[in-house]
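What follows is a set of structures to go through.
Look for chain A in each of the two complexes below; its partner is chain B in the first and chain C in the second.
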Partner chain A sequence: MSAAAPTRDLTPRRPAPDAAEATPRRRAIGRPSPWVYVLAAIVVFFTLLPVLVGVIGGFRTNAQLAENPAGWPDPWVFDNYLNVLQGSQFWRYTLNSVAIATMSTVLVVVCGIMAAYPLARYQFRGREGLFTIFVMGLLFPATVAVIPLFIITTRELHLGNTWAGIALPQAAFALPLTVVILRPFLQAIPKELEEAAMLDGTGRIGFFWRILLPLSRPGMVTVGVLAFVGSWNAYLLPLLLLQGDMRTLPLGVADFSSEHASDTAGVFAFTTLSMIPALIFFLTAQKQIVGGLQGAVKG
Partner chain B sequence: MTTADSAPGAPSAQVPPLEAALNARAASRRGRRRGGVDVRTALEVTLFVAPALVLMAVFIVWPVLRAVQWSFFRWKGYGPLEDFVGLRNYVSVLTSEVFQGAVLHNLIIVVASIAIQLPLGLLIALLLNRRIRGRAALRTIIFVPYVLAEVIAGVVWVQLLQPQYGIIDQWLGALGLPSPEQGWLGTPDLALSTVIVVLSWKYLGMAVILLLAGMQGVPDELSEAAQIDGASYWRTQWHITFPLLGPTMRTWAFLSMIGSLQLFDMVWILTKGGPANATTTMATFLLTEGQRRSNYGIASAASVVLFVVALVLALLYQRFILSRDNTVDRPAKTPRPRRSTPKAVTA
Partner chain C sequence: MATVTYDNATRIYPGSTRPSVDQLNLEIADGEFLVLVGPSGCGKSTSLRMLAGLEDVNSGRILIGDRDVTDVQPKDRDIAMVFQNYALYPHMSVADNMGFALKIAGKSKSEIRERVEEAAKILDLTQYLDRKPKALSGGQRQRVAMGRAIVRQPQVFLMDEPLSNLDAKLRVQTRTQIASLQRRLGVTTVYVTHDQTEALTMGDRIAVLKDGLLQQVGTPREMYDTPQNVFVAGFIGSPAMNIGEFNIQDGHAQLGRAIIPLSRETLAAVTDADNGKIQVGFRPESLDLSSEGSGGAFPVEVNLVEELGSDAFVYGQLAAGTEGAAHISSGAGESQIIVRVDPRQVPEKGSHVWVSIRAGEQHNFSASTGERLPN
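Right, the complex of A and B next:
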């Protein structure tokens, strides 16, 4: 990203403070004041509060929750979690979520890297125009197309209530961002490598297959993780297209919480268990998720 | 596998590989191949780009075109499209008080999200940018809400916000503070603000992570120099770090705005747009019309309006705010300072 010359804000509005006024204010960088830790504790508290209430609430009974919603489990009850884990619903929803997110991710990564390759490394007329099509795709949120998508996938493609019916549109809507992230990534691979491969008699397809793909693994992992998280958390399209046993976890959680509205402890247990896959995935892929988001902003 | 050199029509067809490579390089320097149409290149490009384009054509372009088409018809979702009503769907969407309210709610959410998350995000990013113990763990924790599905986070918040029996009302009661009788989400005047608080909880982590990345692009020398000159910690941040974070803040705000305009999941879980339409958004409006009432014409018109609103705001933002980052040495309206200012690349 180009540097905006921050013209105005850098000039002090008041004259610089006297030397006398400013002597001992240098902060020892290694030792921040205790207030910093207080602030950090507050932030952690509010960030984790809902998650912790869910986790702990799952270990209590509805009677305990009604008596004091903020209390500690006394005694600890495991029935709520066991009920969810022993029932078939939770596993069924998890399977659907895994299958749909995997299909969508594979599609996005494969189609995305293929499309990004010529856009990054070929010289041809209309290349920028072609790239603009992908950039334009960023402007169309799934929300705008969701009603026709519902009709098209169910009636014309006969993919209503199937994994593919969700995974295909999700992949399509994830592709623009994927191509926009991957193109600069592929452009950054040194030209010399390509020339060396050409000298050795490898064609451009061979170069793509044998050199570019292995080298662009970090980029593919990043876009793959973003696509997976996006699909895993999606609600609107599954809400329209999936019913019964085909529902994904978010849909399942939402329906469970309205069907069992009086069973607060059960809702907590179900919700907590649904958070776990996402949290594990996040902890293992943290670098890629954060890196990908930062990359998207760098543009 | 054949090599690129043997491609018919390629300028390098009959030359040895080394020269071919050099030619290709020269051609790329010129930016475009000379000589007739390179059939092989065209074929390869088509092969590589086709799957992505087909997916996007079938699942983005086609539905969007259908939405535009349906927006001119009265259609309940079955039978042929024959009841052409011209712009009447648009008129009824734009004059509907519920939709006007929805647009207003979307705009309020756009502004409030930025106004709440930017200062908080800056503060927390500054905190995490210092060498404090447990910094890595803090960074992970702050990002947890962002990773959870909106739906799942929303379901937990609904429980926390239960009138009287929810943990929030209990704690407020313990502090001697009153809570609304209908609950935070059930009182029309409070529902939108409550939704905004939950959204801020969910998306603050994103702002923090991006701002933090921007801060790491600010060279330490600048703050050190300022501190040696006697500037206090906050002065240093205000005059050096924050201005240099400009591009990051503007890009983050853009993403936040686009997200707020499309908001659906969280509202649907928390309030379904209620009570008394106090929290409808454009997305909940079009879903209610389309799914619940089968007014596909109206829903389509609403989605076209949603698209246009988002597009116009995006273009305006691009034109007036993001453009600062793209033109490096535009003659600025504000007078340039006399003394040399450090120009550092942020983000």
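Right, the complex of A and C next:
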């Protein structure tokens, strides 16, 4: 590999350069060790390999696939992708997925930050206990609650087979992680900033809107993306609640692959295309996510 | 413009039995620059925050002008505060930072712009108005924080150690800038610092606090010349005053070979509780080099000479053979004496010099209460 070349001359002379001034926020200013690249390359390779097989497989015919499962397209075939894109099903599923993911993301971000704000910055009795309840939500897989949820959403709320019926429970299950991520983020915003805002004439709500929200944007983007991707990939709950035209992409993929079990290339194409919207969303927000996970603003 | 009055203002933090600020009584005149100074934990910041409305007042009152603001929201007190870390809003430009309070108050865009530009001109920030705080140096941020206060045209400025995040040189520069700006604007200012030099150089008056109790209020001159107790004496002045506990013998204060005459008034003020002892303080510059045997002279063994160009300070201790060298202390630590000497004629390290206290520049304090005794 190309990464092997710099390895040999640089490995010996690396006397732990950043150990002395290891401030957690600052990444090493100098060149990172080539091993970092090697390791990253290995991880990336194994992560991307199955995805690439799928993407490239979509450009091959079933005959090509049967002959050599991991080969290169020869010739390149675009029919699989065109078929999927020209069918109405794919677009219908995409619309459902986008709508549900958007609803649940908005819900998660709005409710999450509203829940995290008092938990982070108000002093009140039982605050830690309340926070613990949110943390405990992390231990709860949605799978466990799926049957009661099905009953509640369809029977009580009459939201069976609707976008809201999926978005609401999904937002609820994404909330614990959101609060856990956002709370330290909001806590790290200096107290003086709040006091300055109070002296400048904002109340607690004004501080929330004018100072806290703009400052916590990286954090909100992070939890938003997590919620969006989580909702995008959700399978079990939509499987139980949605039928027919209301189904989301993952259900569509599953359906497609069982319907056209022999059309492996078609399944590859469908799967590949279903990843794209979430991928775009993720890539556009990527910078903010890194910022969000790094921590909050300093004063 | 307004006066500020602390009327028995007390703050007890929840879960604490000892008040952080204990019955503070203080009157600050209109347009005055008052400095609250004291060691850390003395309650100076708490006092300021009580005035700002950021801390509750558990008992007593605080007045701005004639208005009782004890239970008034911070935003309605017509004050502006400069924080130690400036507390600038990171996501707003300098202009937005400075105009934020006006925006909240619902002032028109043109008025905000006008007032911000005016303040920026005063503070030499005009070219930075569109920058974010992140892109400013420490000194510039400090000025923005000042600007944010000025723009509001408040009745009172509150400053909580606004210079402590600056480097030493810039601090000295900014110190004079703030002081002259305050004189120019004539706005009543309460300024908190732990640095007594800042207090002496900036304040019209200084209030020294310790353990939540007000020790003394006065002009820098008064604080320096007539400290009311041992604490103020040791706190104000740099290098600090030499203070020693002496025995009273035959109408003199005596410690080893040091014999210092005491006046009749001083002796009369000594009580039985003092147990025949008295605390005598003398500043490094109140000591004159003299010769052995002259009245009131005592020997000092030179440990170290610090030459500052304009001054030279001898750090030493009461010379060997003097019992009780440990009973005297100064800014340099236990059993140390600091003497200012002519920088052109400094004594050798390890030598002995004889010094005597210049008449009238000696401070006497009760050994039991630490209160000042008449000279």
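Simple rule for what comes next: the second predicted complex is superposed on the first by the 233 of 299 C-alpha atoms of A that agree within 3 Å, B and C clash if a C-alpha of one lies under 4 Å from a C-alpha of the other, contacts with A are read in each partner's own complex, and residues count from 1 in each chain.
By our rule, contacts are C-beta pairs under 8 Å (C-beta built on N, C-alpha and C of every residue); 3 or more make two chains touch, one makes a residue touch a chain.
These numbers were taken from a predicted model, which means no experiment stands behind them.
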(message) Going by the contact rule set out at the top, does A:57 touch chain B (first), chain C (second), both, or neither?
(response) first
(message) Under the stated touch criterion, which partner chain does A:168 make contact with: chain B (first), chain C (second), both, or neither?
(response) first
(request) Check the residue A:195 against both partner chains and state whether it touches chain B (first), chain C (second), both, or neither. (result) both
(request) May I ask you to decide whether A:253 touches chain B, chain C, both, or neither, giving the answer as first, second, both or neither? (result) first
(request) Examine A:211 and indicate which partner it touches, taking first as chain B and second as chain C; both and neither are also allowed. (result) second
(request) Would you check which partner chain A:100 touches, where first means chain B only, second means chain C only, and both and neither mean what they say? (result) neither
(request) Decide which partner touches more residues of chain A, taking chain B and chain C as the two options. (result) B
(request) Could you tell me which stretches of chain A are touched by chain B in one complex and by chain C in the other? (result) 195, 198-199, 201-202, 206, 297-299
(request) Sort out for me which residues of chain A touch chain C in the complex. (result) 190, 192-193, 195-202, 206, 210-211, 214-215, 297-299
(request) Mind listing the chain A positions that touch chain B in their complex? (result) 1-12, 16-19, 21-23, 25-27, 29-30, 32, 36-37, 39-40, 43-44, 46-51, 53-54, 57, 65-66, 68-70, 107, 110-112, 114-115, 117-119, 122-125, 130, 133-134, 137, 139-141, 143-152, 168-169, 171-173, 175-176, 179, 191, 195, 198-199, 201-206, 208, 229, 232-236, 239-240, 249-251, 253-254, 257, 264, 267-268, 271, 274-275, 278-279, 281-283, 286, 289-290, 293-294, 296-299
(request) Could you please specify the touching residues of chain C with respect to chain A in the complex? (result) 52-54, 73-75, 79-81, 83-91, 100-101, 104-105, 148, 152
